[in-house]
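This is the structure I want to talk about, given as structure tokens.
Every chain is named by a letter (A, B, C and D) in the order it is written, and numbering of its residues begins at 1.
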Amino acid sequence: MLNDMEIDKLSRRLRRIKGQVEGIEKMIDDHRYCVEVLQQIGAVRAALYQVGLIMLESHSRSCVVEAIKKGKEDDAITELMGVYKSLHK
Amino acid sequence: MLNDMEIDKLSRRLRRIKGQVEGIEKMIDDHRYCVEVLQQIGAVRAALYQVGLIMLESHSRSCVVEAIKKGKEDDAITELMGVYKSLHK
Amino acid sequence: MLNDMEIDKLSRRLRRIKGQVEGIEKMIDDHRYCVEVLQQIGAVRAALYQVGLIMLESHSRSCVVEAIKKGKEDDAITELMGVYKSLHK
Amino acid sequence: MLNDMEIDKLSRRLRRIKGQVEGIEKMIDDHRYCVEVLQQIGAVRAALYQVGLIMLESHSRSCVVEAIKKGKEDDAITELMGVYKSLHK
């Protein structure tokens, strides 16, 4: 469960990422050199990964801890492993 | 060097990715369950990786081949290795 | 904390991985085609990732759950996040 | 095509990696803390990735350049893209 501060921080990061994706689109339309575009794609992937880590940590510290304290650890860990794998495609 | 068909294909993919990033922002604002958001982040990273692979292949088949045929293989391969690493973040 | 069955399963996987690493060394000594060697390196990395996922799940279901039930969730999650990042190299 | 110096360098790296894999096996048998084992698994994956990059660069500078200069660029790039993807599993 994200707190308000985390929501604000993530929203700002996502707006910046959206701008970067728009930028990549424009670079391609402008026939910019492939290598520059590829570097931007790598940067956006890395930025998204950071957003994912923030979400993963917040989820672990709130929902997972709460579920475990209620004795629902099996489902909580199964879900956590699934999310970890999906973040690493 | 991207041809027109590749540019069109990539632009459509990037517009979809931009929509997905907007969607993630909305999910966070709507306090959607972290696991659903994380799955979307993984999906967008994977979609960006595919865009990167298309760019990488197009670059390799055009700019890299051309540079090698002109005898400029050293710089072309150095640049290609740099791009490999940046896309793998 | 790994149980005996997990230890046995992981030891067998690691012995196979060790054999694959020896195999790569031999392929290189035998001047085998680079592409075949690279495919083997990719396969061993993937096999190690699976070993990591088994360890990660076992750790999460035992040590992390236990720490959280003892009220030591902060350190347990901090450590877990560190492990996520190290496995993703 | 690897030259003798590259072969020697890679063989030494692979022997170190093999030792690390043996070390992980022993850590597991000795019931060492999961987090320490996971960090080692991450380190070995990273070391293998470096071996892969050395191979990939050597292959690109030799076999790929040679194939392109002989006019066989299509197959050479198709193979290169396949190897790049397999290294990033």
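Here is the rule we use: contacts are C-beta pairs under 8 Å (C-beta built on N, C-alpha and C of every residue); 3 or more make two chains touch, one makes a residue touch a chain.
Small disclaimer: the values here were computed from a predicted structure and weren't measured.
Under the contact definition stated at the top, no chain borders both subunit A and subunit C. Separation between the centroids of subunit B and subunit D, computed from CA atoms only, is 23 Å. Once the centre of each chain is set as its mean CA position, subunit B and subunit C turn out to be 28 Å apart. Centre-to-centre, using mean CA coordinates, subunit A is 16 Å away from subunit B. Within subunit D, the positions touching two or more other chains are listed as 56, 88. Viewed as a network of touching protein chains, the structure reduces to one closed ring of chains, two contacts apiece. The residues of subunit D lying in touch with subunit B in their complex are 53, 56-57, 60-61, 64-65, 68-69, 73-74, 77, 80-81, 84-85, 88.
Residues 1-2, 7, 10-11, 14-15, 17-18, 21-22, 24-25, 28-29, 31, 33-35, 37-39, 41-46, 48-49, 51-52, 55-56, 58-59, 62-63, 79, 82-83, 86-89 of subunit D are the ones touching subunit C in the complex.
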